[in-house]
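Here the structure comes first, spelled out in structure tokens, and everything after it is commentary.
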């Protein structure tokens, strides 16, 4: 198996399997979770402005008052690397091409140099978050193997992608193959680890928001 | 005198691919039976199966690197034909057609010149005798034939000296161990020296004129194509800079013009005069080398679209029994017309080997029954070649320059009639002389002249289109396979330098489900069919060939080389399935 | 698996639903909920991280309600729930969690952790690992009538005093009254003034009200301990009385979890919506204020801050009323940073105040630190609040820190300055 | 520890005009030896001057000593070269220069005729061919 | 003093005396005795042109054609001055067993010193019967020729890595030269075909310096295969700015924008097309509007479609639909199991009593 065969496997069957397991996992877990259902709240609801499940889905992305001061690293680091990942994946030219090939949707891309810069910032933010998870008592206490594993699985695609475009460390063919493989591993593990919050956070925020909204409290 | 015996010539050199000729001669050396066998196969058709039809041209083109674009063009045409049959009105832009015509014609002229000088000439030109030539006399001979500037005594003396020192050093290289001094060489030393000088000039000339392919197709050999047109976008009219960034800018177009001019000069001043001069000394070869009498041409170089056969420069049709008065039409889809037989070929048809299959229903499964190498002789009663035997209405056919020139001549093309008339008059030979090795070789030259002249016309049209603002070179309407019907099939036809070429493609769900290529050298070099009818090579060798010395098979070489064989085309298009039994039934 | 453990798992299997599943799948272990929980911020001990408090619940969910979890269990790879683990968790789920709900408002992925604590307590209750204080309060509430073992005669006696002080009659078991007034034992015993204030206001507003001799107790230790069946028994008394007396409204007193129990958990406990409305006393007063029936003759001069009891404001939804009322009566009201739905808990809610072990009390004192800082930062001598439990807890803490801050109930304050 | 600690000192400034290294005079003896060998066995030889430690002053001294003979050959081949016979016949002073005129090498060649001056039979044969060619050309014009 | 070199120099206008003077000066500079100058001249003049044998196996003769297109050095220049091309089926005059004889004499005379050039892959199927010359299988011929070769130059991706005959499903069992010849230095010059001047350049390097050029891990000369096309492409700035041609004839294509989206494999291909260009530097595939096929990489025929960009799946996704079904199925199954478990838990619910609150004994 030489580099090109590895790359072709990654771009072919590898991607097929990864997307397959991803779709399978997402549907399976989503249905499994949300078919548990919840009992209807019989208490008389109270109306309040700006209080609804949907509001919470968006509002909860913002830092509640005072919290930003209490743990700026979590918030700023979190915003940076999430937004960074989104920019790289959805505004990087090669990725848009992949998306348009899979879904047919396409839109203009950002220049490659800008994406490189965003990648560096994203990696820096993730490293800060990692350091924070190691040093902050509450975070360290909570952390299980899954946290370190999911951090690595999310960090590798960005690192290998950046190294590939910069033609560093390994020849481009190999590094691109590693980049695609690491992204595929991310897709495969996502539905079965805490990365699934990418999907369930909407449900969670909505439940939280609507429960409190019934009591008239916009959270 | 030679006794009746069995001659084997393997490998046949100065051709493309691996050909083996076995011949039986009678007591006085006349060839009574001849067998031609292709001895190398790659199975590109199996490799093509299941792939994206838009990639097919790149694979098919690697069938042959000598006629290096014909299979590429036939392949893209087969996909375009399939799309045209499925989606009426589908066609490629005019500029793309003109560019393809220019590339095809350039391939013809380049290929024919290289064949004449580098592959065929050494059968007629005795290099050693050239060393005894008088440069001055050679110069007068050359200047009497044409105005070609490189004809001074000093020029010929220098060439002679270069070859003389080369020979005297004892390392003969490519000229080693040949048949110099064989009585069959009839040229005077001066003619040999002139031909030898032109052999070297042709090498330098060909290197320069392939730039046309480099500009339109990115490189030569194996220029690039794309289904739906040509990839070389014309950057002449872009606004806001960037005019000079693709090959087809003003510089590129001027280079193409220079190439066309250089091609026409070389053909007019060197190739045609040399052919006539050498032919003049070998008139006896007008009496042998054409046994079949049947000729087939698919026609090519369209003016108004691939599907408007009337606008073809070279007409499509069949000539039977050397009768130039009637041209029979070809029905491509009729099962009874074009068929491939495998009775003497190393294949196995699921329904038995005795009847032929139309290419759309073509399926080939390798069935090597030959001896385990190394072998001395093939059992010619059984199967003995990797090549199939294509037949038209059950008859063996010859394809190639002779077929095309006869078709042009018979269909009344003015330039063809004038050129053929001039040739026969200079050589003082009757029309029947065309049906021979000499006729075939002369036809190749005349054909080059016709095409070289036609190039200027296409180039002027292209420039006119660009001037009028139409720079379209590619139709991306149905580029995406999702817009294709689930099942479609098409045939891509073209006249390759070595003869009529046809690629038959069947596409299911956007993937190739069957791909057959019936190529010129299979028509010509194919073995016997079930009726025992010999192929064109075999019939040609059996037509009045007397071997002076079986050890030195120069007579065989002359006739075989006159077909300009391309065995890589012929053979690897048969697709041995090897062990796995993959049967594709066309529903 | 011992019988009780089996029952725990059974109970938890009943209560785990889609929200809990979604919350556990969303938690990214970011630790921000800890930053919002006073038990962590004041002690710095990571074990008080809210999401960690429901770890056993998570494991039950994983082992019972996910295919992979079940598979792991079958294969023996999963960690079962053990009795000593539950025993160890008692401190985390009761002593160090007042169910104030602040963590639920902060979690970036939207996990409603207090909802999970409430469900987990269902299992904890059944396991028996509950603090004695709450267990005995619950037993007393069920068997006697109230967490402090008050019976109706004692209550009637207090009412008599109140009638004497205010000169107003406090009707009992009067059918057809508008409001059925409920009282919490804390008020009856420690802050009888609340009853007098109430009578004055009702009289002033001309609203008919009554008490019910068989349903005077508002508190519901059942929901604090987390046993819904027991909570149903307790809340049904109020519902039956209210429906027997055909009242239009039931008035929930200045007590946090009481409002929570009767207003929000009640209908779900008994399994049907009420025939009557439940109103918190401040909602009523605010309504009267808006109708101009609550005029103040003078204002309270000293600077003060307002402590918004979690169960009423953040988790109860009574947001605007307290603010409007305090501005009406306090001249020098100083709003502080984390207030209303962002309020920091007094440290005693959710039954915690009833736990009188040494560690629990020390912990509560530590937890009070945040409130202490708020008071000192505002530089006030008076704190107004409207939950008896908060007042008890804060009084204990103020004594502990020897702070001479004055604590006043909001209704009581209003009553004092009410126009005659 | 440096070189000058070594007790032996070479007095590098010999008596006589400045710049002479004293190496030139012994060369005359060697040239004489080579001439004797040429006379006895006819075997030519050469001394590579640029390979010897001679200063330009030595070379001038040597050239002046050997004097000039009757023949001075200049060769145009990849720059100019001069092969001059010295006062004693058989001893030639050969100087090679490149296209830019810089001296690339100098030899004293002891031979009846320096190697380079001789014409090689091969070249003579080619010369013969061109001659024959000229003749036939001349013939052609004549008839 | 006569020999090929002198004739060569004579043809280039360098006279015998100039050559001798050059040798004398060279010897002097190398501090060799004058006699050494003459000896050197003798040796250099008489050098025999090294013998070269070109064996064609499963090939399309594209590499031979490409060889004839080289402009510096030219083919005729090489044949007359640099090498003695003793066996080349496309150019040699002899045929049949005379051709075989020519090869065997050359191999005998220059045993251990001749250079073996191979184009085309070697089939192993059916004991090599898929490709024979003179009745002998290619494997047999290769082993025989390689035995006496000083070095083997595998020309073209077929000889270097197996090429198109080895493309999936490799019906003839084709392998590359390095799969068979293990004991000889091999130089791979991949490409389909390789650039003309790259082939002659590597040959000239070996002949003039007598040593193999520095090779990379795939046996390719780093001089020509050290960098990727992408790194040297003149359209690279457009790649960086995100300016891509969407079709072969849109405004972007005419402006010469990057062809990444049309499947160009430049980034993963090591070759010199972008610098040396083709046919006398006239143009090269990308400059003429078509993406690079990646033809100098092993197994490029099976690297996903030529028109599929590197970031696009090599073949359409097959599992997604089925996976979705299975996923939904598992989800629903999980859901039913959960709801069943929950309802049984509810049904078997025993009301909690005060005693349950007591600490278990």
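Going in written order, the chains are labelled A, B, C, D and E, and every chain counts its residues from 1.
In this section, a residue touches a chain if its C-beta (ideal position, glycine included) is under 8 Å from a C-beta of that chain, and two chains touch if they have at least 3 such contacts.
This one's a predicted model, so the numbers in the text were calculated from it and none came from an experiment.
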item: Set of chains adjacent to chain B and to chain C; value: E
item: Centroid-based (C-alpha) most distant chain relative to chain D; value: C
item: Top chain pair, ranked by how many C-beta pairs fall in contact; value: B-E
item: Central chain of the complex, centres being mean CA coordinates; value: E
item: Maximum centroid distance from chain E, chain identifier (CA atoms); value: C
item: Averaged-CA centre spacing for the pair chain D and chain B, given as whole angstrom; value: 65
item: Averaged-CA centre spacing for the pair chain B and chain A, given as whole angstrom; value: 60
item: Distance between the centres, which are taken as Cα means, of chain D and chain C, whole angstrom; value: 120
item: Euclidean distance of C-alpha centroids - chain A vs chain C, Å; value: 38
item: Where chain C touches two or more other chains, by residue; value: 16, 65-67
item: In chain A, residues with contacts to at least two other chains; value: 28-29, 32, 35-37
item: Residues of chain D engaged with two or more neighbouring chains; value: none
item: Chain E-facing residues of chain C, complex; value: 2-4, 7, 10-11, 13-14, 16, 64-67, 70, 83, 125-130, 135, 138-139, 142-143, 225, 227-230
item: Complex interface listing, chain E residues touching chain D; value: 1-2, 6, 14-18, 20-22, 24-25, 28-29, 31, 33-34, 38
item: Contact set on chain C toward chain A in their complex; value: 16-23, 25-32, 34-36, 40-41, 44, 46-47, 49, 51-52, 65-68, 104-112, 115, 263-268, 271-274, 277, 314-317, 319, 337-338, 341-342
item: Touching residues (chain side chain E, partner chain B) in the complex; value: 3-4, 7, 11, 48-49, 51, 56-66, 68-71, 74-76, 79-80, 83-86, 88-96, 98-99, 101-102, 105-106, 123, 125-138, 140, 163-165, 167-174, 192-193, 234-235, 245, 247-251, 253-256, 273, 278-280, 282-290, 293, 301, 305-307
item: Touch list for chain E against partner chain C, complex; value: 330, 333-334, 337-338, 341-342, 345-346, 348-354, 356-360
